[in-house]
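Both of the next two complexes hold subunit A, though its partner changes from subunit B to subunit C.
Up next, the complex of A and B:
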């Protein structure tokens, strides 16, 4: 469903971080992207989630080339993706209680009326108890905040989930719980997954197929 | 393996250490309860547990870095000095850097961003040792860098010009300058990739085994939630849950056969991706609202009515610990 063809991307001119990389994720497939820190795998994940415009190359979603990135991408494309980042603290608005944090994408797409039902549905899946939902980010642990960030990524029922080092800062038990939540969502919806990480054991256990960065670049 | 289990006088001896935070409205948060352990020279004790279990509060208590609303009880003897009752003046002048070297969680944030590694090493050498004079300081700083294999041609770089691994080595070099008998490493591997984790813990292990000037080697207390790193470096393991050390065990027996004895430790190991990869069911309890009995009972498959009473003190704080017979069955 997602095809990246000879993507070159970076942040400064003439110094690309990602050079001529191709990667395909089939519908319903889970792909692990394995690489050491600083290799450019997060940049590729951002391109795949339409969050970073590549310098060259093509991105095909369901066979259609994507022409616009970030806020210029059409809503139907943007909402096809759910993204979970490594650092929950940096990707959560500190002013919002977890329940509003989770419902934010619904409100942003004019579907605020679904917020209560959808939050109530997702909280048990990611393992958040009702007393946690009313707290703000500074009142919860990193693990609890990452659970909320995963719920936020799932709230619009994305067809592709991109998890960039989702569990790198977390303890083993929270990591296993979050992976189980992703897998239960995928089992019920058939969504595809691109999991980026540096932990070979984790990715090989989690994904249908794991590709090493060295093979791509 | 090292001679970690030899019986010498411990470097650090913690007895009945408790930390309570007094919150507005008279609420009390029991961050650490009745911790008891020793760390010997040449030995590495790792303190493991889920995030939020009180591990880092324990480390802060040992360094006298708790916030003002914290109240401590018990003792933490470093030689003859009780770290919990020592005044700020003693802690600042004789403990931090000199008796306890801190290997920080995030080296990039621990280093001063506006100065080179060389200048930070020279400053630390001047503050902690009797070395005086520009040439002598320069030589001592270079020797300190060499101890952690920090490349000499990177000494004039600023922290942002270093990779994560080199920043970690620079921070470790600073921790070793005072030649402290106890090293305290608080999550030294968070966010590093696997190769770098392995290299970092191997280097820490080397500093533990290095006999040094005292001849006995250093003691290392490493706090981590990375179980793979703990397995690689530890002589002994302390498992912390909801502020209590629930199990204290030999690392080989803990990670290998017969395995952990406390149900929580077993569940924690089973969460690893190369084991069952199943999370510990439920969520850890609130430290401000702990049950009177065993704090793990609500999540435990062995819990019975007896678990409403506080668990027994000892190596395994559990009413129904796994015994080796269970493991064979």
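Up next, the complex of A and C:
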């Protein structure tokens, strides 16, 4: 479903963070990408989610090469990916209550009418109570905020989930709850998963296949 | 020296830096209260005096020209016998209008340009910032004089002139803020959620920079008032029959040489006191938003 071929990417010219990396995620498959911090796995995840344009290489989605990234990518392509970032605090707009945070992708794609139903549907799946939904990010814990961020990633029913160190900042029980929520979503929709992390035990238990960064680079 | 060293007898119980705390806080509170009272008095005066006091500020009385302050004319009269207190209030009204209108226009233009540059990035950012650099490379009073010279004297040419020379710093502040926000993961999340550029800018970036922009606008009001006075003093701003603080001071220059101090002193005070009060309030607001930035008066 998603194929990354010889991707080279970075943030400054002549100093790529990711050098000539290839990775394939089949439809419905869950792939764990394991590596030490700073090796470039988050950058690869951003490239895979169409958030960062690579310097060279090809990205194939369902066999079709993707030519544009970020805003230039067609909306249907961008929203095929659901992304959860490591730091929930930074990945939530501090002004939006959790209910608006979760519904934001629906409103941005002109489907605001579904917002209430979809939020009510997702909140129990990720473990958010109704009173938490009315709070703003600074009024909830990191774990609660990450639950909302996962709900936001799922709200458009993506075909591929990219979880970039989703559980790195969380305690074991919250991590387990979030992984369970992802797995129940995948079981019901058959979505694929690219989970990035440095916790070998977690990724090996969670994913069908775990790839170490050293093998790729 | 360690923290738990015994305090020698006779030494102040509180460390030096802590002893300053309440005192500094109380002077700040006094400054804020004084500024707020003066701003309130200014606003009330310019809003209430013209409709309530049925006196003609243009009424000429040559028999009473250049009279020193008295009960009948608390600020004295000018060289054609007009009451200076009334002229000062009307002048302050015009200066305040020009200041607020110019500051608002400059802030709207600066925020729009800065947000567009920061949000679009790439060549649009480079082009817009070169426009900002080009405007900044010309001394802004000179550019302002050039702009007013293109129009007939009046209030709006002065507003345009001050606004067009003062949006640059706001544009830079807003652009820097937007650039730092743009790389946050929550913007990535919005992009991934299908948000258009416009939606990212309006929903996520602009609301985050609005407090900074509003503060820049308030800080600019006194500065814009001084610019209006400077242009009018040079005879380029408002027509001389329109009372503004600048035209009042300009018209009174001759009588100052003859020893009559009141026609210049009172318009001067009307310019200095309200602008200091607005700057004082804005400074206190800035300290609240950004406590690391100790405020200095900015005009």
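Here is the rule we use: the second predicted complex is superposed on the first by the 217 of 217 C-alpha atoms of A that agree within 3 Å, B and C clash if a C-alpha of one lies under 4 Å from a C-alpha of the other, contacts with A are read in each partner's own complex, and residues count from 1 in each chain.
Methods note: a contact is a pair of C-beta atoms (placed from the backbone, for glycine too) under 8 Å apart; a residue touches a chain by one contact, two chains touch by 3 or more.
Every value quoted in this text rests on a predicted model; they were computed, and no experiment measured them.
Residue contacts after overlaying the shared chain place A:32 against neither subunit B nor subunit C. Looking at the shared chain after the overlay, A:109 reaches subunit C, while subunit B stays out of its contact range. Of the two partner chains placed around the shared chain by superposition, subunit C is the only one that A:46 touches, whereas subunit B remains out of contact. By the touch criterion stated above, A:169 is placed in contact with subunit B alone, subunit C being left untouched.
In the superposition on chain A, A:54 contacts neither subunit B nor subunit C. Of the two partner chains placed by superposition, A:16 touches none, neither subunit B nor subunit C.
Residue overlap on subunit A between its contacts with subunit B in one complex and with subunit C in the other: absent.
Residues of subunit A touching subunit B in their complex: 36-38, 86, 127, 129, 141-144, 168-177, 179-180, 198-202, 205-206.
Interface residues of subunit A facing subunit C in the complex, by the touch rule stated above, are 46, 49-51, 70-71, 75, 78-79, 81-83, 85, 87, 90-93, 95, 104-105, 108-109, 149, 152-153, 155-156. Here subunit C touches subunit A in the complex through residues 184-186, 188-197, 199-200, 203-204, 207-208, going by the rule given at the top. Chain contact summary for the complex, subunit B toward subunit A: residues 49-52, 163-164, 190-196, 225, 227, 267-269, 271-274, 277-280, 283.
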